[in-house]
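What follows is a group of structures, each given as structure tokens.
In what comes next, chain A is part of two complexes: it sits with chain B in the first one and with chain C in the second one.
Up next is the complex of A and B:
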């Protein structure tokens, strides 16, 4: 029964990752072609102090993205799950629909919206809120905004799934026990849907930390992220082995979070069935 | 332990690591993405032998000419794009088969060294006589055996004359305080370092570490004034985000097509410090499946009438006498965007640096971006 999934994982995950590991141990020859070899020194180069701020920045942006996605996504998911009624499917479809458009195209749309002579500044100037306009683009906040926009659906969907699964009677019970809205939410809704929160946070954090498009199109001179670094090594520097080593180390770092999530989900599942 | 992960023991991990080491040892010396292979001396004729797979920067050729070619020869032109020379190489190395591509001069030399481009039968092209004599035996392709020049470019500074007035003609204009926060440098390691090297009085292609460190310091010093690094120069300027943009000459023509006040957008040739000048060329990859159609396409683009149509759309001069008048007319208000043969012969062109020196350059730019 597990064979099809196993074959799928082998062909589309294990084999490609194995190739990336082998590439990371290679070197670049004098005519700039990457060749296989045994050069584990590529991994030592990853820990050059020069890259520490880049990694820290990437994690900071990703955490900010998670926080904003949670702040924006939770109310949306809650409303759809609790009050969507027969419109639930349509509302979820509305959340997912923009993601049928390529991520790069959507980010370019934000370039047009946030530019100095773009839509946002046009509106602000027309209503008299900012006579000289506001610098939105080429800032850290533009990058984080682009990441939030890019990954918000990954927060909303698991949250919606968890909230939709929750028995509404639990909320009624909370109110019956003289809990006000906030107490009922904090003591009943939040714990009941917590696995959805964890899933959403992981699904947003993992791709956000490695993103490069938002930083490239919306960022400024000081918004370089680890995804840009990897892109630069593969394309500009033609240094595939070092780029692969960076990729493996980043994946290792992200795997830790993934394993924590799996552990948390498994524990929650055991507790639920106990 | 977590169910499912129990089976992943330390022994399994060690086995996997040993397996990877053995695989690496066994594969040592084997190429990764070995690139394209074929007979560089394959005899090709200009004749229709299938649809044309065209590989270029986007928006770098007049689409009307592409349609005209399709109609004339009853073929389809399937377009693929790259956004940098390195991106072009990466896609080539993956084994993709293209019929015509447009590398810059130093990349033509590199592709010839790697035996990845076909010899072009110059005697079979009818319109080759229109090309500037300089390209009969250019430094990057002896006897012009493997390439036909496509366009010329110089790198300078585009700026808003309506806001800033005149600039100084030096790369120090990238540090113009009046434009602080609205300045972009090209996100291209060659161009960024070249500007710094020339500004500091060094050889443009210097590989002296101390000189590159000085250039690095200058670029890092620019960062507080910069709004960003970008090759999307047309968008940055036409959107109003940039008042000063490090860019290529032809882009200023494209910018002017998109704005309400074209005269406000001016191209500055950096005569004080020197500037990069370059060219790119038509080449036929060695694994091309339709080289005959590719030759027809090259000859079609060399036709003087088509060259004139192309430059009026593209904004970049072609080294083709057929477009001279058209480009002079286009550049009437701004002679700075003209690229002359004197510029080519006496100017600074990017060299095909050996691997160690190239790594020095890319690492220097990386340090600028990451700092």
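Up next is the complex of A and C:
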């Protein structure tokens, strides 16, 4: 039973990762074909002053996205888990519904609203607030906003799962023991929500770091992330070794987060089957 | 010593909590306001796209009148129609192959404790947290290195690879909650292993299998990044087509395609929620919150 899918994943997931490592050590020949070799210099190029800011920007944007998702997602998950009553399932479905729409289409929706000829500028001009329009697009905030709008559901769902498991009587107990709101939150709710917070942060951070759609559609060259760089190397510049080196560096950076998730998922499934 | 004191205070505490709840102390109004704002924020952009897909002029600022011309443009374009068909084909093949592979893996992993099984478990979980661009890059590199031409087939293979894990996680969660004694009873009563699986295990498992099948159909039908890296010249899947038209600027036809994709996504999800409930009278479980299977 293990064999078919196990072999499939080994040959089509694990092995290709190995090939990417090999390519990242190669170089390109005059007709832009990747040739294997031993050129660790590709990795030095990744940290070149030309590209290092892009890496830094990716991490900054992703961390900002995680922070905003937590700030927005926590109250939403808390509200549904505690006050949803018998409408809980309906409310969580309503919250998740927009996130089931294609990510490109959702990002495009913001392009349609925020672009120079978009709806927001139309309204601003009609109202007379900004005669010449406002530049929303091509800013860091547009890109981060796109990421938050794209990945927020990954934060809300684990948070909701954790908060929903918590016994609300605990909060009342906390208050009865003369804890103020802050103390009750810090000693009762937060520890209960913690697992969900960790899961949510990992699940938002990972795709956000590798994203290139938001920066491509809502940003510009000044807001490009490492995903844009990788995409360019593979599909436009045809410098595969450098693109592969970028990919490996990104994976290496994300590996700790991924293992964190795998460990908690393994533990959860072991508890479920025990 | 202090126990009787506590017991005496409990009813008081409960009464106080009750009073607080009635006063609305625990139901801060700003949370409700925040929730409503949130719903507007998430739905409004999609409604804007849907509304302007019926606009009679290309403007995104003023709605001038109702028209179906952008839908007409979509359905009369051969390229776009072929893209839609290609995406459906990708979704369908991925659904069939991914579901079979993922379900067998779930069976293999659910109670296995061997080293190989543990290693496979980690190998199965990693694709779930691998950024899509890495998945796309590694698939592209693999296909070109083994000399395979990029086509719909390469997209399908790549999509299947990244859909197996979703099926395994969902089906295994259901398997783990099943009572093992029922299986043993069937075996004791003289059923063969295959009969046990067919007559006892699978009927209880169908809801989870169907839910995960529809989920991976939706994911692979919708997927852009992996398809973008592994697509051939033509036909290209619909999301890739959408991406290249967005890059040429905002165009009303995209509103129409976006609205169509939105409707298709909602339909599939409605099916994913409704079908398992219709089929499995007891095995209900919320697909959207897979972690809650326990």
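By our rule, the second predicted complex is superposed on the first by the 224 of 274 C-alpha atoms of A that agree within 3 Å, B and C clash if a C-alpha of one lies under 4 Å from a C-alpha of the other, contacts with A are read in each partner's own complex, and residues count from 1 in each chain.
The rule is short, and it goes like this: contacts are C-beta pairs under 8 Å (C-beta built on N, C-alpha and C of every residue); 3 or more make two chains touch, one makes a residue touch a chain.
Remember, it's a predicted structure, so these values are computed and weren't measured experimentally.
Of the partners chain B and chain C, which touch A:97 in the superposed model: first, second, both, neither?
A:97 contacts chain C only, not chain B.
I'd like to know which partner A:138 touches here: chain B for first, chain C for second, both or neither.
Touch status of A:138: first partner only.
Considering only touches as defined above, state whether A:266 meets chain B (first), chain C (second), both or neither.
both
Touching A:58, do we find chain B (first), chain C (second), both, or neither?
So A:58 meets neither chain B nor chain C here.
Which partner does A:25 contact after superposing on A: first (chain B), second (chain C), both, neither?
It touches chain B, and chain C stays clear.
Let me test your reading of the model: by the given contact rule, A:209 touches which partner, first (chain B), second (chain C), both or neither?
It touches chain C, and chain B stays clear.
With the two complexes superposed on chain A, say which partner A:113 touches: chain B (first), chain C (second), both, or neither.
second
Which partner chains sit in contact with A:235 here, chain B, chain C, both or neither? Use first/second/both/neither.
In the superposition, A:235 contacts both chain B and chain C.
On chain A, which partner's contacts cover more residues, chain B's or chain C's?
Of chain B and chain C, C contacts more residues of chain A.
Find the residues of chain A that appear in the contact set with chain B and again in the contact set with chain C.
On chain A, the residues that contact chain B in one structure and chain C in the other are 23, 111-112, 115, 117-118, 216-217, 234-235, 240, 262, 266.
What part of chain A is in contact with chain B in the complex they form?
18, 21-23, 25-26, 28-38, 50-51, 53-54, 111-112, 115-118, 135, 137-138, 216-217, 219-222, 224, 228-229, 232, 234-240, 259, 262-263, 266
So in the complex, the part of chain C that touches chain A is made up of which residues?
It comes out as residues 13, 16-17, 20, 26-27, 31-32, 34-35, 38-39, 42-43, 45-46, 48-49, 52, 60-62, 100-102, 104-105, 107-112, 116-117, 120-134, 137-142, 145, 157-158, 160-162, 164, 168-169, 172-173, 176-177, 218, 222, 224-225, 228-229, 239, 242-243, 246-247, 250, 254-255, 257-258, 261-262, 265-266, 269, 273, 286, 288-289, 291-294.
Where on chain B is chain A touching in the complex?
2-5, 20-21, 23-25, 27-35, 84, 86-87, 89-90, 93, 110, 113-114, 181, 187, 189, 223, 226-229, 232, 235, 239-241, 354-355, 358-359, 362-363, 365-367, 369-371
Going by the contact rule at the top, pick out the chain A residues touching chain C in the complex.
Its residues touching chain C are 1-2, 4-6, 8-10, 12-17, 19-20, 23, 72, 75-76, 78-80, 82-83, 89, 92-106, 108-113, 115, 117-119, 121-123, 149, 152, 157-158, 160-161, 164, 171-173, 175-176, 202-203, 206-207, 209-213, 216-217, 227, 230-231, 234-235, 240, 243-244, 247, 250-251, 254, 257-258, 261-262, 265-266, 268-269, 272-273.
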